[in-house]
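Each structure below is given as structure tokens.
In what comes next, chain A is part of two complexes: it sits with chain B in the first one and with chain C in the second one.
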Partner chain A sequence: MRVEYINPFVESAFNILKELVGDNITRGEIFLKASSQPVLGVTAIVGLTGDVEGRVLFDMSTKTAISIASIMNGEELKELDELAKATITELANMITAQAVTKLSELGFKFDLTPPTIITGNKMEITDFEVEALIVPMELEHGKLEINVALRERN
Partner chain B sequence: MKTKMDFPNVNERKPEGLKDDGKSFRVLIVDDSMFVTKQINQILTSEGFEVVGTAEDGLSGVEKYKELFPNVDIVTMDITMPNMDGVTALEKIMEFDKEAKVIMISALGKQDLVKKSLLLGAKNYIVKPLDRKKVLERVVMTLKKQ
Partner chain C sequence: MSSTGEKIEEQANEEVVKKIDFKMVTFSLADKEYGIDIMKIKEISKVEKFTYVPNTQHFVRGVHNLRGEIISIIDLRKMFHLPEKEKPAGTLEDVIILKLSEIRLGVVVDKINQVIGISSESIQPAPPIFSDINIKYISGVVEYNDNLYIILDVERIFMDEEETDKQKLFIDSREKAEEEPEEVEAPAHDDAGLEFMTDSLRTFSHFFVTAMNESWVMDRLVEWKKIRSAIKADFQLKNEEEADQFLSSFYSPYTGMIWDKEYKDAYINLLPGGNKPSLNVWNIGCGKGYEPFSLACLSRLKYPKARIKIWANDKDLLDVSNATRLVLTKQNTPKYLIDNNFVRPLPSGYEFAAEVKDLVFFEYHDVLSNNTIPLMDLIVARDVFSFFDPSSQSKIIEECWDKLAESGILVVGSNEYVEFDGFKLLESGPIRAYQKV
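Right after this comes the complex of A and B.
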């Protein structure tokens, strides 16, 4: 997978989180993960189809998800309820939309599937034939990992 | 936790959500995201608007509009939704009421669909992420358009 695919996602995540959550955000080192990987607890998945296909995960702990959703709603959410899930889904939506706009400016054309949220502590995601690149983002409210596995369709 | 919303001081000026006769403008929110619906709802009700209906997909949005008509002044319409997308729902609403005031709520990167919506009769659009200023500005602007 080409590393330039992940940068637009990292930049958008940075911008959107800054705007909506307002935290100090630092970007960690990019790393590669093999095809099978545990997720942190709450994961928003967006699928991409077109010139480039695959998926992007926004992965965080349940606690981080609740904190982020609380700030975005301007009220303290106690648990990962429907509203919290809808909030994280919308966050993933906005980040992806901005990233895809950047990627299409670079000449890639594709469509997004609406994000879905999966939750659970002992889950693993398996991607076939493509490795994932991960960029951890450290927020004051915890860590959010951007996990991108895309490949060019041939 | 304190909420970040600032409530307007009604003694200083008339809230944007009130008509000249003091009654509220009536809003229908069509969006499949509970988060976005709540956000729009909070912003508008804090300015005196009345949310008279919400719908989670295009199909029920159109039904809701017909049901409420003529007691609805403005619609906020999400673009990406299950069952029926916002552009199609807009089209159906405009067929039913060519005076309808519909604002599209769009994610970034949907310029083609926004353009199409404006051609189909949408009066305005807002690109997410939403904020108070943006939403009020566009809604007020749209209500003033004839």
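Right after this comes the complex of A and C.
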């Protein structure tokens, strides 16, 4: 992972979560992962393409997803319905878009794909030939992991 | 409804009042706002001039007599390599007197502003790529009245300097020890000692003794026992600091600095002659950036017209993210960098020119993961493999062989040996180089 890519993602995740979900956010230790990894239950995926290609995953448990969606909508949601899913999608979109804006100011050009939401238990995600950067964010309502895997297009 | 609303508001107000549990003195330095925990501050004062003390570090302004107590005065601008500020003679300068656990000292800042109270919960961790100041000296950032304050970890800043001094002391005593006549004849090979050393180096420094470095460790052990007995200390390593001292002579020349002319010329001679259209270099464990920038400059000197690309990666996020903005001090900048316009002057030293920076591609990357890189002409991994466990060591050496072009060169640390069928030893002077066969 090129060092220039890292900070925009960390910063935009922090800013947007703080603005939308609340003040009580701490960032965990950033690390790298190469092997397959389990996902927590609700995962939003945004694809990136351009000079650099890859994807960004926003991974959280169903409970955390419902809490976040409730706060963002200003009403208590009981289950992960269409509205909740749309809200999480929007969150993923906002964070990725802000990071990509910052990166394009630095001269890197990307296009985004529309976000996709995947839900289910006992899932695993595997990337081939690319290493993933994990940025854990601790919220009041649980953990949100941002998982960024990008590589230069050869 | 309204009464519950008020209650909640009241509670919220109460919380805001209750939460102020951290006070800091704020000051400006080079147009940025900083804060220091008030508990670390003895007092603030204005001083006109300091008594100069010769032969100190460049950032020490001198000493000051504070009502009978002599304290050292440090210039924070100089310490953080910020541009110096012109001051007319006789200006009173703002000084913060710190009381740290072991020492008292004064720091000169541009202007002391005010004391503000905040909630420690509102302090956020500093983003990894942040400011002019090394992130390990920042304990966090906080927003207050629309100003962003960087909170400095003063214990860390000044205790680190102390540590460095301690290390220097150690080197002095070691030199002395070597001069003294040898009293104890240490056995040339001591298996029990070696076994113990293997365990403690692994525990304290994550250094793995294998065929790659065993001969150095054995020689060093003999030397180490002499040093330790001269200062009447046990030879066994008890902590990280001692393990670091043991390993201090392991590292290759010019670790943590830009390579000087001679060492650079040795690499230029190592590289194949002729007009290469392109050169790919892989620098594993690039650390703070001295190695990849040295490699970029010498590659450009060797092949003025080639397309050069240096892949520099490290597992240490902090080091590698600060590496792109490496600043060299004036005394640590070799003349050949200046003569060839590889560096541009800054008020506090030199930075690399854009043409050099563009050659280096810094990545936060673990070499044990997939390495998606093209074939390399040169791989430089000095003092890196020894810090991987034995099975990873052989895996990486194989990976290097795989990623090298035909007759490509692998450079390892000057005290490391590669035993692999596909490599033949090319040079073992200051540079230990192997060629792919």
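Brief remarks on what is shown
The rule we apply is simple: the second predicted complex is superposed on the first by the 151 of 154 C-alpha atoms of A that agree within 3 Å, B and C clash if a C-alpha of one lies under 4 Å from a C-alpha of the other, contacts with A are read in each partner's own complex, and residues count from 1 in each chain.
Here, a contact is a pair of C-beta atoms (placed from the backbone, for glycine too) under 8 Å apart; a residue touches a chain by one contact, two chains touch by 3 or more.
From a predicted model like this one, the values you see are computed outputs, not experimental measurements.
On the superposed chain A, the two partners chain B and chain C both fit, without a clash. When the two structures are aligned on the shared chain, A:N93 is found in touch with chain B, with no touch to chain C. Look at A:V135: by the touch rule set out above, it reaches neither chain B nor chain C. When the shared chain is aligned, chain B comes close enough to touch A:L83, but chain C does not.
Shared-chain residue A:I16: touches chain B; no touch with chain C.
Look at A:I146: by the touch rule set out above, it reaches neither chain B nor chain C. Seen from the C-alpha centre of chain A, the directions to the centres of chain B and chain C diverge by 130°, a value given as a multiple of 10 for the model superposed on chain A.
Contact with chain C, but none with chain B, is seen for A:V3 once the two complexes are overlaid on the shared chain. Following the chain A superposition, chain B and chain C show a smallest Cα-Cα distance of 10 angstrom. On chain C, the positions that touch chain A within their shared complex are 121-122, 124-125, 127-129, 315, 317, 320-321, 323-324, 361-366, 368-370, 372, 374. Residue ranges of chain A in contact with chain C, taken from their complex: 1-4, 6-7, 10-11, 14, 23-24, 26-27, 30, 32, 34, 128-131, 133, 151, 154. Listed in rising order, the residues of chain B touching chain A in the complex are 1, 3-5, 33-36, 38-39, 42, 80, 82, 107-110, 128-129. Of all residues in chain A, those touching chain B in their complex are 16, 19-20, 69-70, 72-76, 82-83, 86-87, 89-90, 93-94, 97-98, 100-101, 104, 114.
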